[in-house]
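Okay, so subunit A shows up in both of these, paired with subunit B first and subunit C after.
Our next item is the complex of A and B:
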């Protein structure tokens, strides 16, 4: 009964909440618009936006020296999570069956395990930095902690269900993933989408001024 | 140092949210477990007579060489039946589990008795109005990373080792099967992170854990926790240094034997695997017992002991009482700062920090 609910109505509800919430957040940001810039353009805003969206993946030298651990842990977590989410065989099967109807090649099992190790190490270290560093601790609010803990729980329960031997473990994982999907649009987790817009805006503004940002 | 009210409320809310989520999960999934267990219980149990049992017993107990000839390639493919496996099983069930259980139980009981007799070791001079910077943010991160990974592995490992006798009466066989499956997957997955944490801990703390003059005196005088006499100590005392080296050596044994167990594809035989299992379990039980003592001192056993790892700063009087050789040097170098300055640096109060005072680990 509960299993059917998690596998059925709750899944569709959470997916709908996720899609509508994300679209609503993005549309509201786009609709907010930007102030008209009456100055004469000294460079291309579009080119500046595109350059900044990608160039920010490579950190500045000051970041690589002063925040090396955050940088390494950050990449470990995000790359690991990306592989787990979109290239693990169970997830590809699930997405193909429930959403897209299309599947794509999965990474080998050992790559999946290494990605999981990276993602866990990165997430734990980043969260510890958040709570132990006095500056990031002051900057963090409840949303940051809930987001981190939810991601951790979803990843953990997924890995605990890795043997695929018990339906209950799969359902716990799915239930937490659904809670995550519902929470996602209303939290800072939205940075997974909005980072493109924020980088693009900065890049476009600077690009128009002829500044390489 | 007290936490500000907003932080306390935030952490209480966070804990409450976590507990609620756990409670919801337990409530939601306990019927699933029950249902699976009921269906398993309803299956008729049938005792099947194995007519080949006598043949296999003869094969196992024969005096001929254990390994024969075969065209099948691979590890021990020439072994028809592994007689030593039974010896390992008997050791695991008959000695390792009961004795290991008694050891862990005895440590907990001894600590309880010790606490009732000795109580919480106070800071004799009372809490000072000054603090010494003790650990950077990175050092605390490394410590808590190791702590979180170790605790996860210890809990899942103990469940795998002692779960059958302890948890089956509570959750039933099907319920325990689910817990054990989850613990096995989690334990195997988090295991390599322990090795990563071990490497990080080693490189971060090794310099201060090399034995020095005065460490033996500390040991001979029982570390000061037994008796009333003051015992001089460096940044880390003899007990902490010994725990560090135990962690390095026994932890390496646990980690490497764990990798052998997780990756049977490495081409090692069954006897080696059994040996790896025994070494892994004994090493892990030893480290668990040591860490229980470490947690005891850090939490209820000694006032001010955990403060350095929590905040990065320790009380000046605590430092003088427990690590006076280091404290004297730090005071001479002008590292002592007031509680108000520490609070200010952490953004907990608005008073001005003294010139030259730096926040522990900020930006590192």
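Our next item is the complex of A and C:
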């Protein structure tokens, strides 16, 4: 009964809340507007925006030397998570069946295991850094912790469900993923989309000035 | 709650545009921006983390623009901004930020944190929470015409010396000149050699130029303190003078924030494009050299390095000209490890040098430059900003370091092949 609810209505509700919420937030950011820049541009804003959207995937030397651990953990977590999310067989099947109707090849099982280990290690390291480092401890708020814990729980139940092939575990995993989707638009998790905007805005301003940012 | 404070909050609210909204939404509290900021790296005090400096702005945005903020506010769980937030943050917003822009280069989600600090100052200054030194400098700029209280009479006295030393006539208020040069008060008071160098170079290159008696001051305290009206008034004076004289180009001097003010912020402050263009002196010199209008002779074999003024290079986009120019007169020019758009600030930009209260912290943050110089082992540092120059000299003296700071324009003038080149 509860299983059917999680598998059916709640899934569609959470997906709808996620899509509407994300679109709503993006639209409200754009609607805040930017004042037109009347200074004469030295370079192209568009090219600057594109450049920064991609260039920030590669860190500056200052970051590679002074924040090495955080940087490595950050890559491990994000890359691991993306592989788990989009290239694990059950996810591909689920997406094909419930959303797009399209499927693509999954990664081999061993890649999945490595990705999961990376994602877990990365997330745990990032979280430890968050609570132990004086800077991140000062900056962090409830939202940061809720986001980390939710992602952790979703990943953990997902891996357990896959390892045990147990229906109850699959349902718990799906339920947590749904909670995650509903929470997403109200939180910092939004950075997964808005990073393109923040990098783009900065890149455009710097690009006009002729600075590669 | 005082009316002035409420006005400050209203101004702060007004600053929240799509850029700031996207920045605050994206920030993942990773703290990486701290590692780029000299006030943090040299003190290890987490309060100096760049994004932490805009906390009052974030608080306002959260309360008014996010679901949890709105909910918390209606349930009385989130307290609105108070005067004590402003009082507590005043030093972070003004004393521990030079608006150098380095943090904005490293944020993984691409936040231009410097832009937000520049903008939060708008609200703080209206609310009356700004350092006295900066308030007074702004007042002097508005009433006397210069943050250091320099009047045109003082300029004339300096020019008379230059004319005597060079035998050249300095053109004042010349109608339809091609270039109108501005100066920073510091150049007039502390480094008149800069004016002399310009006069010699322009003479040799046959540049048609002038100085305006109505607007000689390039610096803009309004930008530093974050007062849009004051900033617009100061830019407006230059625009009026230049357009009145029918000038083609206004030349921004060896001063960092003056360039940002007149080149990038100016048209937006006065709400229209100019009838003229703005060039930085280094861009102009590089162009004159490339066109063969100035000839340089002899190369210095003293090992030299370049200190990039943040507002000219990282925030201004004049990255290559100083390098091209320095290479043409220095045989042993070596870059510091972090240079160009990733240089480290002198510690005195963004109005910090006008803020006496910040002196101790500023001298502490100079440790970064000291470290850079020691690592490189070069004892001559060339730069192109009068403010950087003074701050660097103070820092070097404080640390009893034997490093000479010289102006790039002055160095070029020393290598100038005298006599006019036909154009």
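Keep in mind that, in the parts below, the second predicted complex is superposed on the first by the 211 of 213 C-alpha atoms of A that agree within 3 Å, B and C clash if a C-alpha of one lies under 4 Å from a C-alpha of the other, contacts with A are read in each partner's own complex, and residues count from 1 in each chain.
Note that contacts are C-beta pairs under 8 Å (C-beta built on N, C-alpha and C of every residue); 3 or more make two chains touch, one makes a residue touch a chain.
This one's a predicted model, so the numbers in the text were calculated from it and none came from an experiment.
When both complexes are superposed on subunit A, subunit B and subunit C fit side by side without a clash.
By the touch criterion defined above, A:162 lies against subunit B but remains apart from subunit C after alignment on the C-alpha atoms of chain A. In the overlay built on the shared chain, the residue A:111 is in contact with neither subunit B nor subunit C.
Look at A:82: by the touch rule set out above, it reaches neither subunit B nor subunit C. By the touch criterion stated above, A:133 is placed in contact with subunit B and with subunit C alike.
Superposing both complexes on chain A places the Cα centres of subunit B and subunit C at an angle of 110° as seen from the Cα centre of subunit A, in steps of 10.
Legend: residue contacts after superposition of the two complexes on their common chain; A:125 is shown touching subunit B, with no touch to subunit C.
By the touch criterion stated above, A:60 is placed in contact with subunit C alone, subunit B being left untouched. Of the two partners subunit B and subunit C, it is C that touches the larger number of subunit A residues. By the touch criterion defined above, A:19 reaches neither subunit B nor subunit C.
Think of it this way: put the two complexes on top of each other by chain A, and the tightest Cα contact between subunit B and subunit C is 6 Å.
Taken together, the two structures place residues 66-67, 133-135, 138, 141 of subunit A in contact with subunit B in one case and with subunit C in the other. Residues of subunit C that touch subunit A in their complex: 16-23, 25-32, 34-36, 40-41, 44, 46-47, 49, 51-52, 65-68, 102, 104-112, 115, 263-268, 271-273, 277, 314-317, 319, 337-338, 341-342.
Against subunit B, in their complex, subunit A makes its touches with residues 1-3, 6, 66-67, 69, 113, 116-117, 120-121, 124-125, 128-129, 132-135, 138, 141-142, 145-146, 149, 153, 156, 159-163, 165-169, 171-172, 175-176, 179. Note for the complex: subunit A touches subunit C at residues 25, 28-35, 37-40, 42-43, 52-53, 56, 59-63, 66-67, 70, 74, 130, 133-141, 143-144, 186, 188, 190-191, 194-195, 197-203, 205-206, 209-213.
Listed in rising order, the residues of subunit B touching subunit A in the complex are 10, 13-14, 17-18, 21, 25, 28-29, 31-33, 36, 137-138, 140-141, 144-145, 148-149, 177-178, 181-186, 189-190, 192-193, 196, 312, 345-347, 359-364.
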